[in-house]
Amino acid sequence: MLYRESGQYKTNYADDQAIFPLKQDRWLMAIALVVAFVVIPLTSSEYMLQAVIIPFLIFALAAIGLNLLAGYCGQISLGTGGFMAVGAYAAYKLATSFPDLNMIVVFLLSGVVAAFVGIMFGIPSLRIKGFYLAVATLAAQFFLQWLFNKVAWFYNYNPSGTITAPPREMFGFMITGPAATAEARYMITLVVVVVLALVAKNLTRGHIGRSWMAIRDMDIAAEIIGIRPLHAKLSAFAISSFYCGVAGALFVFTWLGSVETEAFAITVSFQVLFMVIIGGLGSILGSFIGAAFITAVPILLTNAPQFFGFNMPIDLQKHFEVMIFGVLIIFFVIVEPHGLARLWQIAKEKLRLWPFPY
Amino acid sequence: MSEDGNMLLSVKNIEVVYNHVILVLKGVSLEVPEGGIVALLGANGAGKSTTLKSISNLLRAERGDVTKGTIEYMGEQVDSLTPNALVSKGVIQVMEGRHCFEHLTVEENLLTGSYTRKDGRAAVQRDLDMVYSYFPRLVDRQTSLAGYVSGGEQQMVAIGRALMAKPKLILLDEPSMGLAPQLVEEIFEIVHRLNKDEGVSFLLAEQNTSVALRYASYGYILENGRIVMDGDADKLASNEDVKEFYLGMAAGERKSFRDVKHYRRRKRWLA
Amino acid sequence: MTETRNIGDTLLKVDNISLSFGGVKAITGVSLEIREREICAIIGPNGAGKTSMLNVINGFYHPQEGTITFGGEVRRKMRPHLAAQGGIARTFQNVALFTGMSTLDNIMTGRNLKMKRNFLWQAINIGPARKEELEHREFVERIIDFLEIEAIRKTPVGRLPYGLQKRVELGRALAAEPKLLLLDEPMAGMNVEEKEDMCRFILDTNDEFGTTIGLIEHDMGVVMDLSDHVVVLDHGEKIADGVPDVVRADQNVIDAYLGVAHE
Amino acid sequence: MEVLNAIFVLPFVDMFSEPIFFAEVVVGGLLTGVMYSLVALGFVLIFKASGVFNFAQGAMVLFAALTLVGLMEKGVPVWLALIIAAGVMVIVAVIIEKLVLRPLVNQPDIILFMATIGITFFLEGFGETVWGSDIHRLDVGIPDAPFEIGGMLLNEFDIWAAAIGAAMVGGLALFFRYTVIGRALRAVADDHQAALSVGIPLKTIWIVVWSVAGFVGLVAGIMWGTKSGVQFSLSLIALKALPVLILGGFTSIPGAIVGGLIIGVGEKVAEIYWGPLIGGAIENWFAYMLALVFLLFRPQGLFGEKIIERV
Amino acid sequence: LSSTAEAAGEQFFPLIIYRTGPYAVGGIPLANGYGDYLKLLNARDGGINGVKIKFEECETQYNTKVGIECYEKLKNKGDVGASVFNPNSTGITYALIPKTPIDKVPVHSMGYGRTAAGDGRVFPWAFTFPTSYWSQAAAFINYVGEREGGKNNLKGKKIAFIYHNSGYGKEPLPTFTKLSKKYGYDFKALAVDHPGQEQKAAWLQVRRYKPDYVFLTGWGVMNQVAIKEAAAIRFPMDHFIGNWWSGAEADVLPAGKSAIGYIAATFNQPGAGTQAHGDIVKHVYGGDNAAANKAQIGQVLYNRGIINAIYDTEAVRTAMGKYGNTAMSGEQVRWGLENLNLTEARIAELGVKGFMGPISISCANHEGGGKVMFQQWSGTEWKIVKGWTDTMQDMIRPMIEEAAAAFAKENKITPRKC
């Protein structure tokens, strides 16, 4: 009985409503934070940070965004890439138009811009549901991608339409632009992601979160007990897009440094959706696990043959990688349709009963 | 019941686990004789539906597993058959909560019940007419989408649909739920008739104990995943505890629901 | 038995309502009244239009004809959430809980109408938002105590047995502190013991909070024992209206619904 | 004012001033639309029959076409290659049923959708492993020469595609309408568990439907592959089928074709008459916007099954 | 990791490429040509000046994000780090250009990428030689002008431009607009979205516009669909001209006979006729012609892979001339690239006489002002129909410098003095 709550009495509702009511969870969380803020920057190679950890964090943020919408509010969206693009281009325009603006402010403002765009594309959700809505949100995806590709103002009229993160510093460190070290970019990303993840957790536990879930689980009943679908759905779209927008801004500024609209293509939307589903719909933790899975597994698979000393032609290796990735998705979906986060929860339940099976 | 030969269905000591962690049935055994009507009684969450689903093999679709025990139908072990093989063999379940095909019309719903039948259109048509004669209300609703008909009408559709399979054994899960009183009687009359005229056997999970015991020949009482009592229907009906907890009678008289506020004896099975 | 009870003026007046779907006439010209603090039962055979009537009252269906007066306000068309704001809460025939959420959260959604802090406060979850959350939590805990579902507070409702789900649904409706509580077959699928519990909750709600209750139920024992007044629908039309003893003896009702004279 | 004129007047003036060209645009759109329908049809079949939104349809198109073209490159005659390729699609269906669908009976739609994405990856990787990523030229002997009628330039191939598309839609619509399986399929789509409980063998149903969808994929693969060569990009045409799908309704076979025609004409007309005003290449999003507009009026698409909302 | 290996060591060449995905058609021959030439050097000459070559491919599927991961993975590999990166994608090039000065590895985008990077003062670490999209556009105008009997006859002519709707496709747009003002031709740009299987709308517009020439900037499946569509509207093939990424065998073969006469730009000779090709068959494939053919030897993009490898290895050789015959670091290779001078004589020595044009790179000019040829499809092979064509450097160069200056300003770079 390693993982049990017995003996941990809550004497008031405030304690009961803490984010991590269990002592074990609090410890795990503390350890994770120490690892994230201290161990990783001290030990990770540049490749690790640049190719694995930073994208993981950024995608986790986007996945949280989509999870708020799809997992909590039940509105599946395939426009994530588009909303990320809004954030990215907004951040680029803000940063280049107001060179002295603090980058954190730039990121947040670009999230706000994305939120407004999200609300606009969320309006059809009041009438359209399920897969119809999912496909309809592709309109946002394609339209936004087209817009940023077409309207030269968004990329300051440079001939190829690529935006490049200008160098900016904070606390005396370069945090974006080519001269920013991977560690600096990692830290700034981490701070943004951790804070926003916490905010997301709070939102989902409050009445906004409950109204989203109510709409998700049974929209008619929700309306009848007094939840306004308009408010719930549009706020979900707005906040979700805010997260995606910030993720898009980070995508350019702390990860790739330079992108064209193709970087926010529909594949990104799908990727984020995979993360949410594989990780677990309606779980913030799941967003992290899913993002880790989807960003890390292909990289592991790419590097595995070499690691084990096989020398495969790269095309064959890629094909295998794609196949194995597909199989893994199916495998995990079958093992636990509710996502890896649920697997973790079941593991906890088992630990609680341990050594008894039931 | 005793171990005599003509048992249609015998469930032996099954244990069911959901999601690999939630243990719901803790060794349930029961038998349905050829041509019998057996009632399975018990409170909410006792595991009645689970028992029925493990018989019809619909458990797997809910991530449940029979981890122990065996289920025999006509002397043959059927634990590993697919639900449709069971239907072909004559075992069909009417699921709790209706489960109509919302986007099919009422008539189409009924016809899906005949999917496994091989005896030709005429026979199916005959049974369809029979179902309509049992449930005249459905005639008006023939072409409505099942998703739009009222709760009670859906219940009729679900039962009618099962009848269309011409089964030998029907597992009825809460047939009376949501039905108007006179219809409850009618449904049980139908059960009775099918049982007498066509020799169909029934295993019914039912909350409406008084009616169930009136029509059943034998009954089991399930609490918390265990059978706590069984016996002939009339014996059960005259048991004091059963009377109090399942029939709502105190000292031989029906008590008013208004009085429950003031005194309540809690059920305890100290078996 | 109703003499001592303090029944007030008309709270809800349904006037000559007609509702049809394409060719199907669900309700034709029905009028009824529910007075403050009474328990009014609506009964009738399957498909008579009972559920539809509830749906009309709380704005989910919009009748083609007729008006509804609730708390002195006349209205014809309104959105469900406005009805909820006005103080009408209900439970559903097919349990309509939010299956992905815990019992506690389900009941908390019932208080959504009363929670005002905007999302920025909730995002940081300190100060007013937290205080508000805790106040409502306390209220909800009282409901949980009242319904005796303390043990399943944190269980996801999808896993609960049917009877408990019904109870949680009642809790969710009560959380809104409604003036009018509509219950659609709250006791279907329950055994006697559970029905007794449910009756107790309904009666207590009515007594202690003075909530007016509209009740659809097929168990005649419950209907006759609990209600102050019974409305009988058949094929979308009202065929009887009155105190239980009168209704139960009405030949039309016996023919259309009861089958045999009840007791 | 000028802007309004440019948007609301000039394009129409333009259409009427060159009616033959306008007709050509419309016909071109119709023919392209049929090509979209061919892909959409596969989606509809599976959705209608199991409620699964099969994202792998595009990959199935690719895989079927790759198999066909691979065999033909190995010297197998066309007719035999066709038969074998169809056979392979049946095998694929059997495997998918056994390894993916069966364990996921009764799961939420989105989960099944995710599983089909897994299938997509697998099929893409597998097809390319076996047949390589190079572009393959596909020629099954459909004539492909331009000809002119009434000043409009058309292509024999497009006409063939339209004819085949129409024939398939007709055939499948009849299949669904007049067979017992048709009804069972719709039942399965509504409620897996209830379908099981009345004895509908999900296994058989799914194998049949996925096989048919595989076959439809093969036909779509042949048409698109002839047009653009058989190569990875073939799996991306699924994206062009999606707006068709929502416009026509997920559950309607005629919807797939009508949706295809509307989208085809809509996007071509928009691109040619309005595209130049705003920079062009608007086809992609325009198709989705057009579908969206239709959905606002009919949330279930033009011919889709009603979305039932009750409490 | 780096810097210690003063012994001969190994010269490491990374190759960011795509052998799968929608653009594999182009990526495969490119990678084969590049790799085979390096293998040839190892097998025949024992590497470059005795320094063995090590070579690793990394698969991107033409996806910028994966490309960057590849870059991070490969940049420190080998004894002294990577020699030079060829991203083989305009998107990846754009993303790498800001990073390379920090990591001190040069990036060489041969005839693609960011045209402005031709200005070595702002982009010391990026190279675009032998030519760029803007130069190519100018060469195209020169070429069609010549066919019309002089550029002045272009006045009133109509030119349509069908392009891949991406950074890559859009690059030449400013040049075309600028030149249209100068020469008075009418110009219409038509975008085609990735991956380009459906182009009906564009071609309907071509049909109505009735241009005298169509210029195509496509990649992958888009090219062959374009050629088929052109044939379907009976557009005269010899007035349909592709850029150098739109004129390979895989682009014309699917269209069969109707592709005959199609023209495309190039900066290398087609065919497998040079001595180097013979050597590759002999040393790399052990004389197995079939295997060599399977690797697409002599095809347009294969050959382009070869010249890419020639440029890069010659740059290493140039660097060795200064720093000695050991493995060259990225920084040293950069110097080699900047001082590369391939004369006709040196080209002949390499066994590729006539295969490519002479070129010399300088501190300021990273594009090399390289010229462009035009080749035509005969139905079985590509034939040069127009030799080295002038690229109007008098006009293009200032444009490049202007764009570079803008980049410098936005990114606070002080251009170096050359």
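Chains here go by letter, A, B, C, D and E, matching the order in which they are written, and residues are numbered from 1 within each.
The criterion applied here is as follows: a residue touches a chain if its C-beta (ideal position, glycine included) is under 8 Å from a C-beta of that chain, and two chains touch if they have at least 3 such contacts.
These numbers were taken from a predicted model, which means no experiment stands behind them.
Counting steps between touching chains, the shortest path from chain B to chain C takes 1. For chain pairs A-C and A-B, the one joined by more C-beta pairs in contact is A-C. Look at the CA centroids: the one farthest from the centroid of chain B belongs to E.
Using the average of C-alpha coordinates as each chain's centre, E ends up farthest from chain C. Between the CA-based centres of chain D and chain E the separation comes to 37 Å, rounded to the whole angstrom.
Remark: chain B and chain D have CA centroids separated by 44 Å (rounded to whole angstrom).
Taking the mean of the C-alpha atoms as each chain's centre, chain C and chain D sit 47 Å apart. We define each chain's centre as the mean of its Cα atoms; on that basis chain A and chain D are separated by 31 Å.
Taken residue by residue, chain A touches two or more other chains at 149, 220-221, 224, 315, 318-319, 322, whereas all remaining positions touch fewer. Contact with two or more other chains is made by residues 22, 148 of chain B. Residues of chain E found to touch two or more other chains are 19-20, 24, 28, 165. Of all possible chain pairs, the ones that touch are A-B, A-C, A-D, A-E, B-C, B-D, C-D, D-E.
The touching residues of chain B, counted against chain D in their complex, run 56, 58, 60-62, 82-84, 86-88, 92-95, 99-104, 108-109, 111-113, 115-116, 145, 147-148, 161-162, 165. By the touch criterion given at the top, residues 19-22, 24-25, 28, 165, 189-193, 195-198, 200-201, 204-205, 207-208, 220-221, 224-225, 228, 231-234, 250, 253-254 of chain E touch chain D in their complex.
In the complex of the two chains, the chain C residues touching chain D come out as 51, 55, 60, 92-94, 96. Touching chain A in their complex are the following residues of chain D: 53, 99-100, 103-104, 107-111, 113-115, 117-126, 128-129, 133, 239, 242-243, 245-246, 250, 278-279, 281-282, 284-285, 288-289, 291-292, 295-296, 299-301, 304, 307, 309-311.
Residues of chain A touching chain C in their complex: 13-14, 17, 199, 202-203, 205-211, 213-214, 216-218, 220-228, 235, 239, 282.
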